[in-house]
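Here chain A shows up in two complexes: once beside chain B, once beside chain C.
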Partner chain A sequence: MRWIRMLSLYFERTFEYRLRSLLWLMLPMINNMTLILFWTGAGMGSSALSTYYILMTIGGLLTTSHVEYEVSEIDIKQGQLVNYLTKPISYYWMNLLNEIPYRVLQMIYATTIIGFFLLFFPRALSITLNMLYFPLVILIFTLGYLLSFTFKMSLSYLAFWFKDIHGLMELVTIVIIIMSGGIMPLPWYPQTLQTISNILPFAYSGYYPVVSLQGVLSLNQMITVITVQGIWLSILLLIHNALWSRGVKEFTAVGQ
Partner chain B sequence: MRRYLRIYKAVLKINLSLILAYRANFISHLFSTTAWAAFNFIWIGLLTHKASSAFGWRSDELVVITIGYIIITGIYYFLFAHNFENFSQIIDHGRFDSILLKPLDSQFQISMMDASYASLIRTVLGVIGLIWWVSAHHYSVGLFQVVSFIVLMGVGVVVMYSVWFLFITTLIWYPNLSNIVDFLYTLNGFARYPAEMLRNSGIPSLILLVPISLIVATPVKILLQKNAWGDILLIIVIGCTLFWLSRIFWKFALKHYTSAS
Partner chain C sequence: MATLSVSHLSKHFRIYKKEAGLAGSIRSFFKRTYETSKAVDDISFSIEQGELVGFIGPNGAGKTTTLKCLSGLIYPTSGEINVLGYTPFDRNHEYLRSISLVMGQKSQLWWDLPAMESYLLYKEMYDIPEMHFKKTLDELVTLLDLKEILHVQVRKLSLGQRMKCELVAQLLHSPKILFLDEPTIGLDIVMQQKIRSFVREYNKKYNATIILTSHYMDDVKELCKRIIIINHGRILYDGSLDAVVSKHTQLKKISIIFEKPTTQDELEKRGKILSFDGINATLEVNKDKVAAVTGYILSQYSVIDLTIEEPQIEEIISGIFSSSKV
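After this line comes the complex of A and B, so read on.
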């Protein structure tokens, strides 16, 4: 019952600032739109490429977690974490619950965007997904989001030791943009960079959910992606738990 | 004018002493701004790995645009960006009233009280990159091109400032839209591309963004001795107009400000 009550409060807070959410939506849209225009000018535009970037916008909305600022700056550095340590609720699950309303809002935006393109620019979207595989796509997106969330939570716990990790966060953001196919589809990267991207977890919360929705992946490839996502999620959860248990011992909150 | 220059000199000194007081913060900021400068190099490297030309610009010329973008954003972020990041909080926490009460122009106070020295590393890296790239590709660059490049970069900074200030002014009505600065950082990204991209896009609404696309492309055209006289006139007219508009809009917005304190 308390989880439902908490969830409803988080929903209220999220839906109160809808205009802010809309502005967050426009950022990846602008970035990806400029890339579509660039490739068109380079003579390499195609409906498949436009679809990739449109879905990258939507995929980013659904799978990219932005929990790091709240956790590292507000909760750990400013000491607000003490409010959560005294509660009989897991900090990880509380933050995950906090993110759900935001994901729902982003899903509403994502559905609106897809609907808009299907109605007015059907040729710009080229999705060849077999609808029988749609449940797998949902699973890939869910695991992709959990990967992003768990990674960002674990990274934020470094603030227990280093206090100001703003510079590190910026560097990680850059690595994620590059390795998740945010600049262009991964098969277009130089071979070395492709290999590194396929080893790291970022492509499994960025690139692979997008191409699974696009219909580019076969059933076997989808199962492979899900398996790798599962492996990475297990590793990240172990890292998360280790960092949390050690980090909490370092934590001090004066005057809270 | 002299008074404001004296005050700004003092502001620069104070911000320099803050670096010494908050060294870890400065190093962290230096690290992140260097990372973003490196990201722009990687970004254009990946794009030109796949595309040999775009909109009549060769891949090596596209790299010059990116380097120009790194230089101008370093200067702009040093002078103005950090001030605008704080504006939402200044209004929300009621500190704007004390700014309005001071015997100093409010636009000056909002725009210029914070100088981010760490951002200058971007300009330094950009200039080094530009000198290396120009000499590696044997571009013929004379004194006229260099001086014109610097002057037009200055005009570009004025255009960028005016566009940002027009958007930032809306925070007086909507102080909760603190992520408008993130939106403006993204909008700046249009300056990384040739101006022809927006002109030839066939999307009428993108014409509004042409001023941003001219910011870097115009000085780079002069540097590479491409035909740019039309764009030079356009960016100077746009710069003056937008600066005047930003001032008018600011004055208009102040009449509608209701104090939070």
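After this line comes the complex of A and C, so read on.
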């Protein structure tokens, strides 16, 4: 109950910024429009492919966490972390609570957009998912988001030690886009790259959630995905906790 | 056992030095030079429950750094801190529930929403029971007189109004220990007065332990029996305010207005004459002779007015800051 009441307060705050969330959704959508139109256009693309890109764009919005700037720049470097450290609540949970309203808002937009395509461009978007599996898809998306969130939190903690982690962040973003299948479906990659992608956690918060929604995964494959997600989440949480407990000792509350 | 005890606490910061200009940037790219700043340098003290202690020192003395260590924000370089049986940096949730850190210059409230929303969030964070929350909020709102502004967006409040809202936010969970870092900074005299009497009230009512830093000596004078003076990260004095004041005021000034013009011959024998024009006189007298001298004057002359000037605490304290010994 306590958590739900807190969440509802965060929701309230999020509505103060709802425009921002809308923009976040629209920008990548527009960015990827060329790809989507290219694959839908003139009958030369396959519907499976345009489906992939549309879902990838939407899926990325749902599962990609954006805590890194807030945590590394505002909280750690500018010292706002002070506000949280004195509260009897974990910083990890606090950030998670803070992000959930955005996720929910974006889920609403995402559903709208999927509905829009299904209605007006049915050929561009074909979802063959058996609706019985839908709860599993939701679980996969949730775990995918938690993977991204935990990874980004841990990465941001490097700001406790390093003055400037901008370059690193950008590099990591590129790696994530490639490894999560943001450029093209993973099976198109060369074998080694495919293997690496399947080992690293990134595909499990990008590629796999998307193809599970698309409906191309069997029940067994979905269960494998969930298992790997669970393992990676545990590993990332361990790393997260280790980085946090060491990093926070370096925190000097500059400028506060 | 003391409520709060600090022993041999040090906090050193590593500061990265860069020479100005491009050449400096290039050089420091290859070889970084660091300097260690001893913000807090081996300090020890302890405080009993219910004490209200003034923590004073010039800019950069190490006051805020000490409070940050006490509230578990930063990890001490060395030394031990024990507050209510906890080590602050462990940030045990029970510990965090029993303390509060109020920083005068900064806001922890949600900027775009009314303060009330932040209070509701704090209620959940600190897990404050509904009844208790209502009661405390009511009390605080009445004490600080902020009923009207409770539902105004925080960004639209004046500095003083915001400070009051801030204070309420930090006190909703009824902390037993308060760390107040310049709570009256930037406030007008009336507001300073209000905050001060509020702090005194809080201290009495809940028998709360309070450490207060301030650059306004009035805060310290009116609130704190005990002061700790710190400079360059070291404690210069720890004891009663009265004691340090009387120790540092050997001389007092007596100003007299006589009814009729007088001569200064007799006065000269009693003390050093600072000014004299026949009607008005100012004498400087050793503090243990003040009683005798005033007695003499009052019995020998007809006097319209006589005042003994209290020593200026500001002068004494700044004297201590620069002398670096007491």
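Just so it is clear, the second predicted complex is superposed on the first by the 240 of 256 C-alpha atoms of A that agree within 3 Å, B and C clash if a C-alpha of one lies under 4 Å from a C-alpha of the other, contacts with A are read in each partner's own complex, and residues count from 1 in each chain.
In this section, contacts are C-beta pairs under 8 Å (C-beta built on N, C-alpha and C of every residue); 3 or more make two chains touch, one makes a residue touch a chain.
Predicted model, so just to flag it, every value in this text is computed and none were measured.
By the document's definition of touching, of the two partners only chain B reaches A:Ile177; chain C does not.
Of the two partner chains, chain B is the only one that A:Asp164 touches; chain C does not reach it. Once chain A of one complex is fitted onto chain A of the other, the partner contacts of A:Trp188 are limited to chain B, with no touch recorded for chain C.
Of the two partner chains placed by superposition, A:Arg123 touches none, neither chain B nor chain C.
When the two complexes are overlaid on their common chain A, residue A:Thr86 makes contact with chain C while staying clear of chain B. Shared-chain residue A:Arg2: touches chain C; no touch with chain B.
Taking chain A as the reference, the larger set of touched residues comes from B, when chain B and chain C are compared. Judged by the document's definition of touching, chain A residues 17 lie at the interface with chain B and also at the interface with chain C.
Residues of chain B touching chain A in their complex: 24-25, 27-32, 35-36, 38-39, 42-43, 46-47, 49-55, 174, 176-180, 182-183, 186-187, 189-190, 193-194, 196-198, 200-201.
Here chain A touches chain B in the complex through residues 17, 19-20, 23-24, 26-27, 30-31, 34, 37-39, 41-44, 164, 166-171, 174, 177-178, 183-184, 188-190, 193, going by the rule given at the top. Across the complex, chain A meets chain C through its residues 2-3, 5-6, 9, 12-13, 16-17, 82-83, 85-89, 163, 248-253, 256. The touching residues of chain C, counted against chain A in their complex, run 13, 16, 64, 68, 71-75, 89, 91, 93-94, 96-97, 99-101, 103, 106, 108, 110, 112-113, 117, 120-121, 124-127.
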